[in-house]
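First chain A sits with chain B, and in the next complex the same chain sits with chain C.
Take a look at the complex of A and B:
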């Protein structure tokens, strides 16, 4: 094997790792919502770009620094998720055709958000500055500082989220509600409040993911849909309602995408996603780590 | 038991007469074009209504079918020597094949929401497939010189041809809805176990509904591409897709005139709203949200409620009671 091949391969794999971790965190918000209310959040795209745009607004409009802007955006996204739950989801899940009704509602909400953002911020590409300039160099391998920070950040965040779900009372009540809502009520969990919190959490995570993706790539009102579709595939691939599954699937898909983009061309990416999705649905619809009981 | 003449049928008849005579009143090619666009979308949304509203299958790929119809007819007419009319029919068949293969067959094994996801991603993947084969399909630029239906066609003739296709294909949808297959679709949608217990083959009916609606949509696509002379992947933008969904939801899912109504509303209303610029997409999104929350049956549901009240009012001769 020529050294060029190895260099390229390693670089591609590292890219894939980075993209994968971004996809993974993008899928987290979807997984949480899917887990608790069994709805695929079709407004996910809008929510992730909202997070990005809010940060942009705080950065350039109000002049706050990066960390403060990110925290503020996440807080606002949390509130947004709460309001969304209380204002709309509560009504939608009571309808007889709740599945398709919520899909269409969230879809409409997604368009609404995309276009409001377009109105307010304009169509030009916005950029969130990279966290750090410069890059590491290990011999032939070159990694941006920014990329490393992102990967580490995602890993730490996922660990933190796992701890939250397994150790804290609130996290455990969210899992309880996801498993059996009546049972959770019996043991004293206020289902409505917990669901609202879960929505807010998912919304904040989604906004955060949007910020990270925007800092790595770019931000336009349309880019949310792509992220959302890939998020759906990752959620199904990894297994409904499991965070580990989403992370794993995100990493795998990131690697696959990096390999295809490098050794094939950009245009083969979506067909590849489609084929993988089709295969997963036909072969193992509950996903890699999914519960077998999940009806597909 | 509805009377032979009631106000709804009179409206439809009146509307058809107005459309038929419209070119007499205005020679504006812009208005004729608008109507032709309306015809095409009415066909697409009505067929989509067939899959989603009547059969209860959440396929999101119908705009993709339209585009497949466009491209297949365009490519056929440009590379084989066949006259465009034949190409349109063939493109209907091609669309039917692709749709049934990629969406219809997998949908046999999948539950509702997954069909939605699969079809959405299929629609999303299509522009990339077009780019891969950009040598023949022109990639993101599309194919600019698609031959018209026949040489020297005028806007007047196109108008009537599109109108005729509109009537024929909508009659087809109507016939399907009122046939045994239509009943089978609705039975599968509403009471799945009961329907299969009664012997309705879910596989056959699902494939049937996909085949029929994708065939009609493909033909609409072929017609559209020969009418406009350009095949472009712009139709696959998320905004077109969302507009089509809005047409269906606001018009009325599961009710036959819903597709036509929605198409009319958004094609003509969209033009009127164009003066507000980008706000129209925001309004569309807002309409979708409001309607699905409060009027899931769309405008047709409101029409039906109005109709019920009128009937009650007429039969009792009194003010209608508050029904709820």
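Take a look at the complex of A and C:
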């Protein structure tokens, strides 16, 4: 009896690690935009499914292989983010009620994107094929190759992003703009160009997360909203503007979700998300890794 | 290798400058210049436009009328990053430090412009020799610094840019007498060790008067006094304040 318990627990935890990794990368794009541009990207859902649908289009429509499709989708998402920033966000943030204005604009954009995608691709569920078919078996533990690849990919990606932000001039200039925009200007950083790049980067990461989630689960025009809500909860849970916080919170929520799904039932998952959200807002509203002060 | 500054060439020339905050005119027909290699001090009571003037020359605040020429080029419409790349660097009174970065990272960011990146190591060496306290604290977050240390970091970060003209806004404000002395001694060394020209804005008169070649007094947004430093003393300046 107890050996079955251990087997189940280990499998559940591994599952949680996978889900958590996907949630973590899903929250990264939101974190970058919130930390650097200071707005909540309510078009996040639309942007993540766009990444998925672009890959689907390249795979089935153009017949490219998976890697090429993913790279092309991410590049297009980067350009999308750049254009969105230069074409709209730049003007919105100058207005006196910019916080509300940007939320409404992006929410509207998200709805627009969902419906355009619905028009173009139809309502039927789309799938992005798993990267690998087989599974590892270590004694009693069974884990898909695909899942392992996803976890490793996310880990490597997060590490790479970390190096980008800490070791490259461009990455450091993004952090500088996020922390003190006038300080960034006086050392010679082109703030507008840097913000545009950060937005494009966040957009590409979001699209990438969408592709990964779609490969594990499925893709519909509506699924982006669910990803987005979870992303927001993770970002608040982990702490606004901190990437470490987003990763940590994503992993925790993944484990929580896996444990509740296995030991409870699927229907307790969303309540668990919102209960945790409420608790965080009541107990430590700045998030686990966030700081009390409003300044970054 | 080191070019001897030609002391008749203005590195900075401001002509008939007007600046506004909304409808309120803050700078009126200001004309002044900084000769290559000089230290120039700009005095004036609080709220009379000293910071605004520096911000406008630095490119942060828009120019309404008039022109700013740097090294012979008209930079009136140039964006901040272009001015920094050309060697015109503004060190704000607000410091504007990167609070989540370490002292070392802040200093490195000071060398962001392409000219300065190659000289990162020598720049750091110089800053640490001027401000040993920053060396002690180099891995600490900028958030943990005291007021005086933060001021030193702001000046050090400005120095990393290898500017041809460094514009320092109230370097000694809020500092203890000992720190004031340290800061102005550092400015003196910056001037003698590099070819940088320096424009200092201050309320405090003593130290800048000793350092400067030429002084200006800004009152209600206008230049009301322009003298060689040797031709005037503290009492006369303070009298002209009111």
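Rule of thumb we're sticking to: the second predicted complex is superposed on the first by the 293 of 296 C-alpha atoms of A that agree within 3 Å, B and C clash if a C-alpha of one lies under 4 Å from a C-alpha of the other, contacts with A are read in each partner's own complex, and residues count from 1 in each chain.
Just so it is clear, a residue touches a chain if its C-beta (ideal position, glycine included) is under 8 Å from a C-beta of that chain, and two chains touch if they have at least 3 such contacts.
Everything quoted here is computed from the prediction, not taken from an experiment.
On the superposed chain A, the positions of chain B and chain C stay apart, so the two partners fit side by side.
In the superposition on chain A, A:289 makes contact with neither chain B nor chain C. Within the superposed three-chain model, A:92 lies in touch with chain B and out of touch with chain C [touch as defined at top]. Once the two complexes are overlaid on the shared chain, A:187 sits against chain C while remaining clear of chain B.
In the superposed model, A:56 lies in contact with neither chain B nor chain C. Taking chain B and chain C in turn and counting the residues of chain A each one touches, the greater count comes from B. Seen from the CA centre of chain A, chain B and chain C lie at an angle of 100° in the overlaid model, rounded to the nearest 10. In the superposed model, A:197 makes contact with neither chain B nor chain C.
Of the two partner chains, neither chain B nor chain C is touched by A:78. When the shared chain is aligned, no partner comes close enough to touch A:248: not chain B, not chain C.
Distance between chain B and chain C in the overlay is 16 Å (nearest C-alpha pair, rounded to whole angstrom).
Shared contact residues on chain A (touching chain B in one structure, chain C in the other): 295-296. Listing the residues of chain C that touch chain A in their complex gives 58-60, 79-81, 84-85, 89-92, 94-101, 105, 108-110, 112-113, 117, 157-158, 161. The touching residues of chain A, counted against chain B in their complex, run 40, 88, 91-92, 95, 97, 99-101, 103-105, 107-116, 118-119, 222, 225-226, 229, 232-233, 236, 265, 267-271, 273-274, 277-278, 281-282, 285, 295-296.
Across the interface of their complex, chain C is touched by residues 169, 172-173, 175-176, 179-180, 182-190, 295-296 of chain A. Remark: chain B residues 58, 106, 109-114, 116-118, 120-122, 124-125, 128-129, 131-132, 238-239, 242, 245-246, 249, 278-279, 281-282, 284-289, 292-293, 296 touch chain A in the complex.
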